[in-house]
Amino acid sequence: MSTEDPEALLDEARKWWTTSIVDIHPGEIAMRGYPIEQLIGRITFPEMIWLMLMGELPTRAKAQLLEAALVSSVDHGPQAPSIAIARMAATCGPGLNGAMASAINVLDDVHGGAGQQCMEIYYEVEAEAGADGDLAKAAATVVARRKEQGLKYFPGFGHRFHPLDPRAPRLLQLVSEAADRGETSGRFAVIGAAVEDALSQGRAKRIPMNIDGATAVVYCELGLPTELGRGVFILSRSVGILAHAWEQTQQGGRIKGPQAKFLNYTYDGPARRDLPEPDQRG
Amino acid sequence: MSTEDPEALLDEARKWWTTSIVDIHPGEIAMRGYPIEQLIGRITFPEMIWLMLMGELPTRAKAQLLEAALVSSVDHGPQAPSIAIARMAATCGPGLNGAMASAINVLDDVHGGAGQQCMEIYYEVEAEAGADGDLAKAAATVVARRKEQGLKYFPGFGHRFHPLDPRAPRLLQLVSEAADRGETSGRFAVIGAAVEDALSQGRAKRIPMNIDGATAVVYCELGLPTELGRGVFILSRSVGILAHAWEQTQQGGRIKGPQAKFLNYTYDGPARRDLPEPDQRG
Amino acid sequence: MSTEDPEALLDEARKWWTTSIVDIHPGEIAMRGYPIEQLIGRITFPEMIWLMLMGELPTRAKAQLLEAALVSSVDHGPQAPSIAIARMAATCGPGLNGAMASAINVLDDVHGGAGQQCMEIYYEVEAEAGADGDLAKAAATVVARRKEQGLKYFPGFGHRFHPLDPRAPRLLQLVSEAADRGETSGRFAVIGAAVEDALSQGRAKRIPMNIDGATAVVYCELGLPTELGRGVFILSRSVGILAHAWEQTQQGGRIKGPQAKFLNYTYDGPARRDLPEPDQRG
Amino acid sequence: MSTEDPEALLDEARKWWTTSIVDIHPGEIAMRGYPIEQLIGRITFPEMIWLMLMGELPTRAKAQLLEAALVSSVDHGPQAPSIAIARMAATCGPGLNGAMASAINVLDDVHGGAGQQCMEIYYEVEAEAGADGDLAKAAATVVARRKEQGLKYFPGFGHRFHPLDPRAPRLLQLVSEAADRGETSGRFAVIGAAVEDALSQGRAKRIPMNIDGATAVVYCELGLPTELGRGVFILSRSVGILAHAWEQTQQGGRIKGPQAKFLNYTYDGPARRDLPEPDQRG
């Protein structure tokens, strides 16, 4: 590199991190081009989330759908591993940031990925149908294809606990009302219903859309990339994670384990044995 | 434990996790007593944050101050370690949850604690002044005390980069307007200004309140415990962390290091040496 | 559940966590059946790692191969995102545990998965060859198959920085010596060489095995499941992560960013613009 | 900066990350000056840990004490929050790296800090005694001082579960034997015993040294800084964390909560209530 122009190298070094999100100069901060002091107090938090993630401001109507989805997913109780982790962590010494990090970290494919996976299915149905296609038929095709591929847990539908998840119909109602007002297409509400039909076909009992299926409808209506479906879910669930970490902090507890001490755990390994000499091992 | 009543033990086991945040039954979810379907679409996301953290709903006016603070702190660019960590992590394989966790984790006392520490100072000024006391005098007393205690970086005031942080005056203006409308006391805006006066006393140049000092004014006006000052800051900064992790994902990159490869790093350790035999070590 | 026997429920609750790793009673701790006081001072740390992960003690010879692999992977400098993250985190306030967590978290598929992926390939070659088969032919088949599947970065071979990774031949030498002494089969050293041949076929320059390819040889010789290849790598790299977090702590620094402040970063987003009224957005 | 010499700036940029741990050039890697290929197969993993953390190689005898301490602390079962977190995380989707990160993160002041805190006390006793001082008297002074300061949980002594922690006497025996051979001073074994005496003074039952108190004796004998006491503990406990995450992976489970589903949790918040209109809130 000794022959290279140092000015050029400096310029390259300055480009190592390049962003279109935020521009900062002494006394100036702009998000996506908007001076921060114009945004504070004039846009809502969900609008800021949208601006940061998508690059442009949403319509008020779309921001309200995003807001409803953010409100809907904040918490599902301490039996969820993410919440239990936040609460246990809060008794081990780190600040709320550490408790939140350990918890948010587990919102991965299995615990936090259903919404994202459901969005992939909805988008696949839309692509399958084509611009003027038959959504019901496309949904049936996609559901059949996924089952053939061995999909075991169909993301967004059914719930181990709720016969009907009370969050889903309320979110769908909001999408439907927005569609009636022409604020959104409503296309993914139709797709979601078609997937539910296809899944429930031939069963005595329907497999109803759950919260992940309903937020996926909202996020697809809003045109979010699927990865951001999970991202926005994490922003929402972070609220519950923080609330539980904080409640646990107030309740106290030191090095709190997962269940009552007297329950302990069960050992099913080898019986007591003596350490063999080195040449008797392996 | 064999002599204990199994019913009593079961009951105790059920109380291991106890919460007043969320109540869940088949088909029912309620946050702080409110059925979730009543909340979705009718309260804002900042109102939900407040309800979850504080247990009751805020007034609209207070929720709007919280919203302004949430909007103000989302991002301060990729030179912040939290943002750089999110971006690097995004090139290493984990999903957005993992990138967010590694980043949020470092919003600890030094990188994420200034707002919380500033709230402690404001509350200390208030306590020092007493109900009818002189806030200016109390601020001077507290500032002097903290300096005596060896406080080196006074949280919430001054900025290594911005001569005047553009977010601070805007937030203070919103507090002031809300106080004029009787929606909040305005007491902590006075305290914040008094601390700035006390800090700037005898200096050629004022040490202006920064974003942490201004959000601390808002959070103290809202009556948040200091720990939640950090908690709410994390909810806000998580938006920037997510946005940068996602932008980096779209830019691509694999195992992206902290700076341009040709800059590399500097080694200042021992020169090359041969491994001594075991008895020559230590 | 009210009709269920409380004793049965308690018993079920006690089985929620079941492990064959560790058995603990007042005054007694046994790992895999061995009383801990027999292990301390009589087995090596790599032997303890093996016992914990695999359930039985290894031969001394196998433990020494594991030890060599653990020694080989501890660090590759601060340009690695994991190390840079540990160092930045150390300037943000959390203890060494937090800095280590943020760093270890990014040892995911891309940054920490090459060894595991390479083991999968070696095991696939072995399965392809069958018990008495031709390893060279099997390696060629597997390499061709992986390329057809679109594998872009062949894990375990080639290095962006080292023409020849000095760790790989040394590890292979140890495997070879152990095989000569009959302490291990040497089969995966042959497979690794065959994969290198297949990859280098028809190229002017060989694509030499790197550290991930060499540790994969060791871990396959030892019969580790592929996931534990990553697990053991993490145990090794954790040492470097800790060392760098600690060195940074001693160097000091507060909220240390990824590169020199004057390099800053580049903004390539929208030019300054004014916030439109709500009805002009979206 | 435009007037500055670009060469000088480049040089400064290259020094942003400076380390004495590892030196890397194409085809060359050296740790603390030692070529990596000389270390692999010739030093033990604990020796490598020491070299990385302390900068020089230990004597074999000191490395063996470190090894014994590393072996002793690997695991204390799934009721420890760190282990439970690792196991729950393993059912949520992330790889072993993510499960380990969420778990290691909670080895903070309360859950992972006792050894470090105990080392601080031992070093304080040593400083109190001075070079030729009376260790018993110094221990009594320090114990009294700490109690006056309100220390509630005396780190390193007593155990909520074990009347006598079986790991402690075994470690102390190894220190004692090494001291008899002149391999270490044995001074901190005396200090540890003196602290135990001082703590137990006037009590019917002694408060025996636990694993944290015993590893603190070892780490002080080895001259580790207190922070590294925690660091080395984390390296040890990471083995148990990995083993449990892996065992849970093999057991299966999806989104596994902290305790049996039928135990659920207890809600003690407000009864059901209807959302008030906005002007009735707060």
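The first chain written gets the first letter, and so on, giving A, B, C and D; residue counts start at 1 in each chain.
FYI, a contact is a pair of C-beta atoms (placed from the backbone, for glycine too) under 8 Å apart; a residue touches a chain by one contact, two chains touch by 3 or more.
Every value quoted in this text rests on a predicted model; they were computed, and no experiment measured them.
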>> Going by the touch criterion stated earlier, list every chain that contacts chain C and also contacts chain D.
In response: A, B
> Expressed in steps between touching chains, what is the minimal separation of chain B and chain C?
Replying inline: 1
> Of all chains present, which has the mean Cα position farthest from that of chain A?
Replying inline: D
>> When I count C-beta pairs in contact, which pair ends up with more: A-B or B-D?
In response: A-B
> For chain A superposed on chain C via Cα atoms, how large is the rotation, as a multiple of 5°?
Replying inline: 180
>> Validating interface symmetry: for the copies chain A and chain D, is the fraction of residue numbers used by both over half? Same or different.
In response: same
>> Need the CA-centroid distance for the pair chain B / chain D, whole Å please.
In response: 27
> If you average the CA atoms of chain A and of chain D, how far apart do the two points sit, in angstrom?
Replying inline: 34
> If you average the CA atoms of chain A and of chain B, how many Å lie between those two points?
Replying inline: 22
> So which stretches of chain D touch two or more other chains?
Replying inline: 9-10, 13, 16-22, 24, 35, 39, 43, 77-79, 84, 94-95, 97-98, 101-102, 105-109, 112-113, 258-260, 263-265
> Can the chain contact pattern be summarised as a line, a ring, a star, a complete graph, or none of these (other)?
Replying inline: complete
>> Give the list of chain C residues in touch with chain D in this complex.
In response: 1, 9, 12-13, 16-22, 24, 26-29, 31, 35-37, 39-41, 43-46, 48-49, 52-53, 64, 67-68, 70-72, 74-79, 84, 87, 94-98, 100-102, 104-109, 112-113, 161-167, 169-171, 173-174, 227-228, 230-231, 234-235, 238-240, 242-247, 249, 251, 259-260, 262-263
>> Give the list of chain C residues in touch with chain A in this complex.
In response: 10, 13-24, 30, 32-35, 38-39, 42-43, 55-62, 94-95, 97-98, 101-102, 105, 258-259, 263-276, 278-279, 281-282
> Which residues of chain A touch chain D in their complex?
Replying inline: 6-7, 9-10, 13, 77-82, 84-85, 88-89, 91-94, 98, 101-103, 105-113, 153, 254-261, 263-265
